[in-house]
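Okay, so chain A shows up in both of these, paired with chain B first and chain C after.
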Partner chain A sequence: MRIVIAGFGTVGRGFAEVLQMKSDLLSSLDDKIKIVAAFDSKSYVTDADGLDPLILVKRKKDTGSVGSDAMKEGTDVLDSVEYDVLVDTSPTDIRTGGDGLRYIEHALKHGKDVITVNKGPLALKFRELNELAEKNGAVLRFEGSVGGAMPIINLCAENLKGERVRSIRGIFNGTCNFILSRMDTGLPFEQALREAQQLGYAESDPSYDIEGIDTACKVVILANSIFSRDVTFSDVSITGITSVSAEAIALASDHDMVIRLIGEVSDTVLEVSPRLIPKGHPLSVSGTLNTAQIITDLAGPITVSGRGAGRIETASAILSDLIAIIDRRR
Partner chain B sequence: MRIVIAGFGTVGRGFAEVLQMKSDLLSSLDDKIKIVAAFDSKSYVTDADGLDPLILVKRKKDTGSVGSDAMKEGTDVLDSVEYDVLVDTSPTDIRTGGDGLRYIEHALKHGKDVITVNKGPLALKFRELNELAEKNGAVLRFEGSVGGAMPIINLCAENLKGERVRSIRGIFNGTCNFILSRMDTGLPFEQALREAQQLGYAESDPSYDIEGIDTACKVVILANSIFSRDVTFSDVSITGITSVSAEAIALASDHDMVIRLIGEVSDTVLEVSPRLIPKGHPLSVSGTLNTAQIITDLAGPITVSGRGAGRIETASAILSDLIAIIDRRR
Partner chain C sequence: MRKVNTMMVNADIFVRDIPGQLVGSLEPISLADGNIVGVVHNRDSVVNGRIAVNITFEIGSVEDLERLKGIWKSKDIIISKMSSVIETYPMEYVLIGNIDAARIEKIINNAGKAVSLESVDIRFSSKMSENKRTAMISANVRKSDDIKKLNAFMASACTKANIVCIRGVGQ
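Right, the complex of A and B next:
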C-alpha cells in the first residue's frame, strides 16, 4: 500500500508518527506499506521506494516544510507518483472546500482510495465525492472528520449496519464544551474563552468554534453518511454559544441542568444550538471530550465519547480507516 | 445463510423477531437467509425450506415450546439439518458451560460459524473454542455476551484494531448498577434489591448478579478476546455488592463520589469490585445502562454505553455479528 500524505500540518505529522509507531502491526497486515509522497503548502517530497516518516517529521519541525522541493500544484505531485491511498489532512475551508477538495476529487477520479479528516470537502460536496468514489471503484473514508478519536462514523456504518439510526445528538466541539463547563463554575463567557485560548483549546480567532460552524460541518457529515441525506453546510440551522449568558447558566443550574452546544441530526432535523441538558444525562459531560448519543430502533440509545481533537488522537482515526482499507484489499 | 437457533428463550425469541423485522435488509445482503432449525429445552423443529420466525415466536408464546416435536439431544438436531450458522442463546451455566458449550463445540467441529451470547462457554473455555474455530475454518462471534447492545467486543477487535488497548474498566451489570443508584438516594441495600426484583431487573435468586459472578464472566471474555489472555472464571478476583452499606455510600457522597461495581481488565488485572468513582466521571452513571471506558495507546480514553440486557437489545448484538458473517462470506 503506497500512501500520499497531503497537508503535513499537526494531524499529518501525527499520522506519520503513528505509521512509525505501528510499523510492526502494519507490516504484518501489508508488507509493502510505505509513504511515497508528502506535501504541505510550501513544499513536497516523493520517493517511490518509501519515505522515512521520522525524517519527514523532523524536517517539518526543523524547517517548517515537509519536503525539500518548493511546492508545485498538489495534483501535479499526485500525478507524479504511483500510489494507492491519499490521506488528506489539509486544513478545513468551509467556504470553498479548499485545496483538500481538489486533491480528493483528483484522487477519486483516478480510482485511488481516500482517507480524509478535512470537514470542508465533506460538508460541501459529500454526495458528489461519494458518487465519484463509487463510479471509479474507490473508497472514501472519514472517521476522523467527526469527533476525532471518538468512534462514530464507522461504528454506525459497520457495527450498527443492521440498525436504523433514528437520531444522533452530540457534543462535537471540545472548545465550546470546555467554555460552557468553565461557565458552570461561575466564569463569564469572555473569561472562559480567554482561558480556553491560554490553554490552546481555542484559536486566536475562535469564531469557527464558538459560532457553531465546526459543529455544523460535523452534523452535515453525519446527516449525509449515516442518514443518507443530501444536505450541505448552508442547510444547517446554527446558533453558537456567544450569547449564552452567565445568568442563563445559573438559572439552568437552579433547575439541575447545564447548557451544552448540541448538534442534532435525524431524517428531518439538522440543527446546532445551545440546549438545556439535565445533570447526569450522558450529554451533560464537562471538559473537552466529544460525546454522541445514537438512538437506534433495536439497540435503543448508544453513547460514545472520546477525544475530539489532538495530533495522535485524530491520527488514530486515520489509522482505523487505513486498516479497514488494507483489510478490504486482502 | 441457513441459521439454527439453539435455546429459544427470551433472547432466542427476540432474535427471531429481529430476523422478521429486518427481513428486507437481510435479504438484500443474502437472498437465501432462513432459519432451518430452532430448539429449546423441551422441543425442536426443523425445515430445510425455512421456518417462519413469527410462527416460532407464536408457538413459544402459546405453548411454551418452540417446536412441535419433543426434544432429543441438541447435537442430534444439529446433525439432522444442513446449516451455516449456529446462534446459541441457551442459558448461561457458569459451572459446566451447560448445553450451550456442547452445541458450540459440535458446530465448530463441523466448521459451522457460531454466534453466542452465552457467557458460560466463553468464560470457561474461550481458548479451546477459539482454537476449535480456527482449526475448522469457522468463525466464533459473541458481541452480545458482554454489555448487550453496548458495542465493545467488535469495536475493540475491528474499529480499534490499530490501537493497543491498555485497560477496560466498566459497569457490566445493570442490576447492580440499578441497586447502587437507588442506594445513592438513601435506600438500604435490601430495599433497593427488592425494588430491582419488583421491576424485573433482578431474579428471585439475585446472587449471580449481586455477588459479581455475571460481571466476572464478562471480564474474562474481555481478557481473552481483547487482551489475548488465557484466563478463566476462577482467575477473577471477585467482590460483589452485598456488603456495600448505606453508610459507605453516604460517606462516598460526602466526598462527591459514588460506589459502582466495576469490572477491570488489563494485561495484569482481572478484578470485579465495588469502587469509589468521582461524580461526573463516565463510570459514575446511574440506572441500568452498561458503560465501559476503554483506554488505548493512541486514542486515549474511549467510553461506550448502551443497554446491557433486554430481548431486542441483545438480539441486536446478534444481528451485528450475523451481518459481519454475511459480509465476510460475500
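Right, the complex of A and C next:
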C-alpha cells in the first residue's frame, strides 16, 4: 500500500507518527504500508522505496518543511510517483475547497483511493467527489473530517447498517463547547474565548469556530454521507455562539439547563445553533469533547463521544480508514 | 423535547356491585397500555346496584383512550364523567435582545393565536449586558403538531424583532 501524504501539517505529521507507533500492527498486514511521497506548502519529498515516517516528522519539526525540494504544484508531485492512496490533510478552505479539493479530484480521476480529513472539499463538493470516485472505481473515506477521533460516519455506515438513522444531534466543535462550558462557571463570553485562545483551543481568528462555520461543514458531511442528501454548506441554517450572553447561561442554569452549540441533521433539518440542554442529557457535556446522539429506529438513541481534535486523535481516524481500504482490497 | 405526560385522565365510572367488577374495570386500562395513578372505590354509595369508582390514569393517545372506552362499554361499565385530559409538551426558549415585558407579552399573545398553549412562564434576567436583556420562556403546548408551529412562530417573530432565540434541544 503506497501512500502519499498531502499537507504535512499538524495532522499529517500526527499520521506519520501513528504509522510509526503502530508499525507492529501494520507490519502484520498482508499489504505493507509505505509512504512514497509527502508534501506541504513549501516542500516535497518522494521515494518509491518508502520514506521513514520519523525522519519526515523530525525534518518538519527542525526545518518547518517536510522535504528538501521546493514545492511545485501538488498534482505534479502526485503524478511523479506510483501510489495507491492519497491521505489529504491539507488545510480547510470553506470558500473554494482549497488545494485539498484539487488534490482529491486529481487522485480520484486517476482511480486512486482517497482518505481526507479536510472538511472544505466535502462540504462544498460531496456529491461530485463521490461520483468521481465511483466513476473511477476509487474509494473516498473521511471519518476524521467529523468529530476527530469520535467514530460516527463509519459507525452509521457500517455498524448500523440495519438501522434507519432518524436524526443526529451533536456537539461537533470542541472550541465552542469549551467556551460555553467556561461560561457555565460565570465567565463572560470574551473572557472564555481569551482563555480558549491561551490554551490553544481557539485560533487568533476564532470566527470559523464561534460563528458555527466549522460545525456547519460537519453537518453537511453527515447529511450527505449518512442521510444521502445532496446539500452543501450554503444550505445550512447557521447561528454561532457570539450572541450567547452570561445572563442567558445563568437563566438556563436556573432551569437546570446548559447552552451548547448543536449541529442537527435529519432528512428535513440542517441546522447549527445554540440550544438549551437539560443538565444530565448526553449532550450537556463540558470541555472540548465532541458528542453525538444518533437516533435510530430500532436501537433508539446511541451516543458517541470522543476527542474532536488533536493530531494523534485525528490520525487515529485516518488509520481506521486506511485499514478499511486495505481490508476492502483483500 | 421532553414529554412530561401523555394524557392524564380522570374518570368517574359505575360498576355493578358484585365481586370481581372493580378488578374487571381496571384491567382494561393495562390492556390499553395505560398506567393507573390512583383509584378511589366508594363502596358506601350504591346507585341502582352500582358503585362509583374514580380512576386517574395515564394513557398514550386518544386512540388508546377510545379503545379503553370501547372495552368498558362491552363490560357494561358506565362512564359518568371523564375529565382533565391533559397532553402537554414542554417548550423552552431563551430570548436575548432589546426586550421588555410588554414586548414578550405581545409575542406570547400572538403565539397563543398560532398554537394551543397550556401554560406559559416567563423569567427575566436581573442583569443587562450591552443593553440586551435576557428572558426565558417555558411553555407547554397541548398538541405535538404545535411543537413545530411554535418553533416556527418564535423563530420568525424573533428574527423580525432582531432578538436571538435559543430553543430546547428536543424541540
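By our rule, the second predicted complex is superposed on the first by the 328 of 330 C-alpha atoms of A that agree within 3 Å, B and C clash if a C-alpha of one lies under 4 Å from a C-alpha of the other, contacts with A are read in each partner's own complex, and residues count from 1 in each chain.
Just so we're on the same page, a residue touches a chain if its C-beta (ideal position, glycine included) is under 8 Å from a C-beta of that chain, and two chains touch if they have at least 3 such contacts.
Bear in mind the structure is a predicted one, so any value in this text is a computation, not a measurement.
Applying the stated clash criterion after superposition on chain A shows that chain B and chain C can sit side by side. Contacts of A:Gln191 after superposition: neither chain B nor chain C is touched. Rounded to the nearest 10, the angle at the Cα centre of chain A between the centres of chain B and chain C is 60 degrees. In the superposition on chain A, A:Gly300 makes contact with chain B only, while chain C stays out of contact range.
Once the two complexes are laid over each other on the shared chain, residue contacts for A:Ile259 go to chain C alone; chain B is not touched. Judged by the touch definition given at the top, the superposed model places A:Pro151 against chain B, while chain C stays out of reach. When the two complexes are overlaid on their common chain A, residue A:Ile323 makes contact with chain B while staying clear of chain C. Touched residues of chain A were counted for both chain B and chain C, and B has more of them. Of the two partner chains placed by the overlay, only chain C lies in contact with A:Glu247; chain B stays clear of it. Minimum Cα-Cα distance between chain B and chain C in the superposed model: 10 Å.
Of all the residues in chain B, the ones that touch chain A in their complex are 18, 21-22, 25, 149-151, 154-155, 158-163, 280, 282, 285-286, 291, 296-307, 310, 312-313, 315-317, 319-320, 322-323. Chain contact summary for the complex, chain A toward chain C: residues 169, 188, 239, 243-248, 250-252, 254-255, 257, 259-260, 262, 273-278, 281, 283. The part of chain C that touches chain A in the complex is made up of residues 2, 92-94, 96, 123, 125, 127-130, 132-136, 138, 164, 166-169.
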